[in-house]
Amino acid sequence: MFTGTDKIHEECAVFGTSVRAAEAAGITYNALLALQHRGQEGCGIAASIDNTIHCIKDRGLVGEVFSGDVLNSLPASTAAIGHCRYSTTGVNSVCNVQPFVTEYLTGRIATAHNGNITNARDLRDGLKSFGAHFDATSDSEVMSTLIALYAVRENDVRAGVIKAANYLRGAFSVVVLCGDGRLIAFRDPDGFRPLCIGRNRLGVAVASESCALDSCGFVFERDIAPGEVVVIENGEVTSSEVVLKNRTPGNGFCIFEYVYFSRPDSVVDGLPVYDARFNMGLRLASEHPVEADIVCGVPDSGLEAAAGFSAGSGIPLVQGFVKNRYIGRSFIYPSQMQRENAVRLKLNPLKSNLAGKRVVLVDDSIVRGTTCAKIVRTLKSAGAKEVHFRISSPPFKHTCHYGTDIDSENNLIANRLSVDGICREIGADSLGYISVEGLKAACGRCNLDFCVKCFAGGETLSNQKNDLE
Amino acid sequence: MFTGTDKIHEECAVFGTSVRAAEAAGITYNALLALQHRGQEGCGIAASIDNTIHCIKDRGLVGEVFSGDVLNSLPASTAAIGHCRYSTTGVNSVCNVQPFVTEYLTGRIATAHNGNITNARDLRDGLKSFGAHFDATSDSEVMSTLIALYAVRENDVRAGVIKAANYLRGAFSVVVLCGDGRLIAFRDPDGFRPLCIGRNRLGVAVASESCALDSCGFVFERDIAPGEVVVIENGEVTSSEVVLKNRTPGNGFCIFEYVYFSRPDSVVDGLPVYDARFNMGLRLASEHPVEADIVCGVPDSGLEAAAGFSAGSGIPLVQGFVKNRYIGRSFIYPSQMQRENAVRLKLNPLKSNLAGKRVVLVDDSIVRGTTCAKIVRTLKSAGAKEVHFRISSPPFKHTCHYGTDIDSENNLIANRLSVDGICREIGADSLGYISVEGLKAACGRCNLDFCVKCFAGGETLSNQKNDLE
Amino acid sequence: MFTGTDKIHEECAVFGTSVRAAEAAGITYNALLALQHRGQEGCGIAASIDNTIHCIKDRGLVGEVFSGDVLNSLPASTAAIGHCRYSTTGVNSVCNVQPFVTEYLTGRIATAHNGNITNARDLRDGLKSFGAHFDATSDSEVMSTLIALYAVRENDVRAGVIKAANYLRGAFSVVVLCGDGRLIAFRDPDGFRPLCIGRNRLGVAVASESCALDSCGFVFERDIAPGEVVVIENGEVTSSEVVLKNRTPGNGFCIFEYVYFSRPDSVVDGLPVYDARFNMGLRLASEHPVEADIVCGVPDSGLEAAAGFSAGSGIPLVQGFVKNRYIGRSFIYPSQMQRENAVRLKLNPLKSNLAGKRVVLVDDSIVRGTTCAKIVRTLKSAGAKEVHFRISSPPFKHTCHYGTDIDSENNLIANRLSVDGICREIGADSLGYISVEGLKAACGRCNLDFCVKCFAGGETLSNQKNDLE
Amino acid sequence: MFTGTDKIHEECAVFGTSVRAAEAAGITYNALLALQHRGQEGCGIAASIDNTIHCIKDRGLVGEVFSGDVLNSLPASTAAIGHCRYSTTGVNSVCNVQPFVTEYLTGRIATAHNGNITNARDLRDGLKSFGAHFDATSDSEVMSTLIALYAVRENDVRAGVIKAANYLRGAFSVVVLCGDGRLIAFRDPDGFRPLCIGRNRLGVAVASESCALDSCGFVFERDIAPGEVVVIENGEVTSSEVVLKNRTPGNGFCIFEYVYFSRPDSVVDGLPVYDARFNMGLRLASEHPVEADIVCGVPDSGLEAAAGFSAGSGIPLVQGFVKNRYIGRSFIYPSQMQRENAVRLKLNPLKSNLAGKRVVLVDDSIVRGTTCAKIVRTLKSAGAKEVHFRISSPPFKHTCHYGTDIDSENNLIANRLSVDGICREIGADSLGYISVEGLKAACGRCNLDFCVKCFAGGETLSNQKNDLE
């Protein structure tokens, strides 16, 4: 799929690096370019020097925020962190963009995180009763304050991070930059969001996805484990330990990272995202076989699974559409004569490949269903005889508390209609969703526990409070 | 390929529409979005109303120039033309952006063209001796002045266009909008640049490529023939005739439109561009067979030919790279630790698909060769055992007088080195270019004469002058 | 007075320089800063080098258009011209901004003018019948074309300028830059708009007002005479002759230049504008004496005449208001509680100077009268016992064909009401306008014929046509 | 004087209003326009509604930050505060712009202040030891945190403000907006910076200067007393009490507010600023009499004192310069031929008023002296026979800890040279500074204690700490 409104979003990307070369900010800038797919609304970079931290952040794409001489106005530093953010609301929300710089009794830290702290409200109130005040409205400020509080109490940032992290509930992959140049990265015990580490001859980097390591000249080494806290100093890992251990049954790695969020050239827990998607296509072919002439993927999110479906079914893979790469966020004129086929401005079918063909159309998910219906109509008007829709994730039915930005459940077509109903509504000749088991199996080469609650449901958030001590 | 500097460019796109609905400007805006790949430096729209012509044009992408309420400031018109321009030079070149509006003795016209007038200098001088003056430095102003001159002399715009067009030499696909709403489209007799026509229940549109017709709700009808002049009034074609007949042997449709310039979903002379590129791949497979494990295309320009090579050779087609869709024109930080693999920020190889494989890598052309060398190194460092480069156009050696923006011949690697030399320089294990005959054959389903002078060479421009009468 | 809508405007400023130092463009930039009061909507600079002319122009203030490196992108030239423009209409009017660059049979010229060509429509049509075409809608293009036409016919730019100028009717102070670096300046035979010349050890400059010469290090020498054509080459005047001689009785120097348009530090025909305004105040004091305690000027346009009134009447001059220098074109929030005294955001009365005082309030003119009424109310609410309004120009009643941008005559309060009626409507205790004779006398130290048709009326434009030959 | 670099600056302006009309944000916007002279680098407005506070702030002028629909994006509120800030440092300092919004245990407040907290560093450290963390680097955050801390401890915002204010040292005129719409204003016990209050039928406003009250339709009532805390609810003052009483001998109202910072139409402690400056001129005339022909003020800062000097000496007041109102922050081209008189682009002398005259030139202060020297030279080159410089403040010699942004003492010419030495350096024929006693006497109609340490010197800051309790 391809529209802003008819697509699921995850919130953020983080990156951090400590190198024996005074170009940490520049490296972080390149890394954010590589992670831009995870968040396009705002971004920022913080760099440490001489026990201070300089931070530049704003709304806009990485290339926009750091255009001209802006990047150069950051110091020549050996340690830096960066962040891309998905959605910002409100005119002045620039103060909500990350990284967040915090000055406290014994130092300065900058933090950036990916995920959703489910007990942020409680922690906020708890911290207020400790005397904390808050300027912004984001979870990041809560996390920073918590870390600062315990960094003081424990008289050490690493110890403070561990103490603070034990109070956090939900999904969090976090990088912390200290004024002294230390870089600390940690990940929630359930491992919802990805976080990995790489190195080269000059230092170390951590990133939400391995594609950022590749793009910046680091060699991917391994994922940071769920619950692990890693400390990096002067380009070396000086400590790494799994210290957050209270896993919650049913929680785990967000399987949507494999399905859609991550870039296909990233690798998670040893499994390339490309391979996971290809496997989903293979599995779909066996779960929902169909007689057809060609297999097409919806660009760009369905292309890998389509390749897998083709391999699994023996039906040839064919390019079905040309995607317009220039529309971006441009306004589209609502011409009356075009209402039927406005989708063709974004995705134009390749008639000569489709005419008279029975088409298997593969995409990663159906959210509201409106775009799918238009795509099916477009294919048929381009001459497709049949359109068999195959989806590389199970029916999407439930709200997520851990960072996925989904519509109200009421807007989720899979919540309103059965699979047959959806098939009729979008006008497809058949519709097949991969099963939850099938999806897990497709990702089976890795050893992760998965969170699949958006498909399978699960308990709501506990009301249990953790009083700060 | 993918960089700005290491790629051939063609200059422009044109579009025009006459409809029985007051939304011609909006339709033109959508069409320019669909044609943006042909020119990203500037754009403009002219709309006629009440015997006047309103025109908005500026440097920037279509979505940038017509952001906010700018589109609405054009009148609710039933006829409009638009233009996307490739390169502008100089700070204030906004006055060179098209369309060009000209007021003359008996009316007003706006013109937009794609191509290169080879006798523009002569015509300019000729017109000056008729008393004409010029404000801008572009061919468009010469063309407009010429049309205006003869529109007066012939006492009719259509007659004036024909008379003027007979003086023009070179490549030109032109749309002319008259103050009274008439739309005239014409194409040089050699048919260098594409131009096609479509219609729907409300009117008619002409466009550089059929993808713009698809995207705006028009049904592609046919190409405008080389030398044809079409007049459209009130949403109907009122006249269409091939009146420009002095073809030049050796000239013809620029075959690079099939190779690279046009969008794969466009159709030229009945041959879908996708199919042409697929055929080039088929042909390459037979001209330059190789034992290999996988075929990859360089995104996005080599993907279709790679599919053809796979089909022709039986070697499986595999995705070799992930292209970063967000870099655009962003500055890239020149990190010292990344110099080796900076290309991976734009094109990251999919290691799990490549490791240990003998790879056939397909792209559309090699200009300077620098980027190719980096891509080959990147593939090898991702584990590819062998890299066999296959190019879906012949060695690119010669300057073009008809609109293709090529480097000085000195910078063209094929001018400096033999195929073997190039192969060594880019570090490939083998290198094969399609032959000129093979390329023509791949496009053989259409009946066009082709211009292949950039590969094969040809006479230089004649110095023959045509004095204006 | 002070509001955009309640003020008369004149259209433009011109400047040109030829110096033996490659900094003509920079000097012109500084000069335009000094002339910005004559036009704030757009501006441009053209500089010649190597027989070409480079031109940068855009909407906006001088400091905005030439911000950053824009000025540097002009060549290091020894000759340049510049222009500030008052009003632009329409979104894409940037092509109407001056200077206008014209390429013609035997050369290139750039032109910039101040004034209004009254037979522009006729000339345009005449030129069209010679085959000319037009891109923009401004008089400047007509003038350029005309000059280019005769530059060719006379085989010399200076001769062409003279020939062309003889066809022009109306008000025009013009600078022409030739590709070869020659600078030609000329002024209509009636001398409506100012134009003066200065020099220093390195060269010569011409400017709409002498304040620009002062500001750029030139020593003011003299006004260019009505009808004079001056040629400057390599920093020297090589020719200067009064060649345009067909003066029209009743026409002459626009007396509003002395009243309001020009900067008080400029000198016209030997009479400093400051002195002229001071004299107007003196004269007002004798024409409309009144018993009062203090004299105040309305900032900034009434300050000099107020000083004169004080000197003439012996009533002390006191600062009555503080003007907010930061509002510029900012939006003002229409608070309900402020409607009465919104004017105080722009002009706040100095209560301690005004309380209990009988005030003579001096301003340069009354256009619609709405602002005057607010100012009088504001003064009274600040404690003024009486407000006696004195105006340093006669009642403004008539449309101007020569460049002054006035409201429809219907909106001119002096057209609707008698002086007594105006006095009642604006709530003043008395109102006195200077007489036409008094105004002329105040400017009597110069020997100019004046145009006073906006006060006294006069024939409408003749319909007489001058056919081009 | 007139240049950015050769002028003293004070940091800020504050405004707050509580009205029975939902237009508090709009009124605040207008008020900031009226206070823009106190700070041009950034500004912000916070408005309360439904126990929340919305805040918009950014770098730029008031009219720039709140252009377009930005003002409308604030809620229709009955209470708001605003701030203009002088200097910001660093690219991303937007988070340092005020108002500052703080969320704490029992509520939300926004604060804006004018002045300088001299013990901010200590308070910051003290608060950190209470567990506070800080995001920005400004005093405002310290103040907000302190207020929030004690608002919780005292269980009431007003009580918290009082408690907090007792810990603050230095200069502070502060407005606090509570989420519930209460507005609290307070001023340090020494009364360094101005703060006044006004009302109309719909409510109450507090402002740094009375000119903002005038401009927004409020009637100035009185100054808020040094040490006074005022609470305003629903458009009524519900409490006002002088609670901060620990005055420091030698501290007091910054006399530079009368000399230069405040707008002449503002009134402080019953003394109009205009009158104070006029008195300074009177006093200067008796302290430093001179035989001369005319008196001129340097626009705009010397004009009122010049009027006083003229009245005191009987020497006629004459306009000496025309100030260019359009240069603002525009770049000026450094033409070689203009280096001598670049100042004339900003201030052009009126030759006809000056030629052959002995001139008394009045300005408010001399900082570095470089501009003064240029002005004297310019006057002489305009024909002035003698230039007698008179300064309406004593020699400026010392650093200020209370908010005035002065150069390093090394750059202050009065620190390097005697009065005679300065006179020689700037090329004046005589130089006279008002005495400290004379300055105080000129402001004698008010009963304020003054701080004159920038002229007279004084102890350095005590190192005494106040531990927070």
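Should a chain be cited, it is by its letter among A, B, C and D, assigned in written order, with residues numbered from 1 in that chain.
Just so it is clear, contacts are C-beta pairs under 8 Å (C-beta built on N, C-alpha and C of every residue); 3 or more make two chains touch, one makes a residue touch a chain.
What you see is a predicted model; the values in this text were computed from it and never measured.
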{"item": "Pair joined by more contacting C-beta pairs (A-B or B-C)", "value": "A-B"}
{"item": "Most distant chain from subunit D, judged by the mean position of its C-alpha atoms", "value": "B"}
{"item": "Inter-centroid spacing, subunit C versus subunit A (mean Cα positions, whole Å)", "value": "61"}
{"item": "Between subunit B and subunit C, centroid-to-centroid distance (C-alpha), Å", "value": "49"}
{"item": "Mean-CA-position distance for subunit B and subunit A (Å)", "value": "37"}
{"item": "Residues of subunit A whose C-beta touches two or more other chains", "value": "none"}
{"item": "Arrangement of touching chains [line / ring / star / complete / other]", "value": "ring"}
{"item": "Footprint of subunit B on subunit C - complex, ascending", "value": "54-58, 70, 73, 90-92, 94-95, 100-106, 124-125, 128-137, 141, 144-145, 148-149, 152"}
{"item": "Partner subunit A, residues of subunit B touching it in the complex", "value": "19, 21, 23, 26-27, 29-30, 33-34, 36-37, 40, 61-63, 66-67, 71, 200-202, 211, 214-217, 263-265, 267, 272, 274-275, 300, 303-304, 307, 317, 319, 321-322, 324-338, 340-341, 344-345, 348-353"}
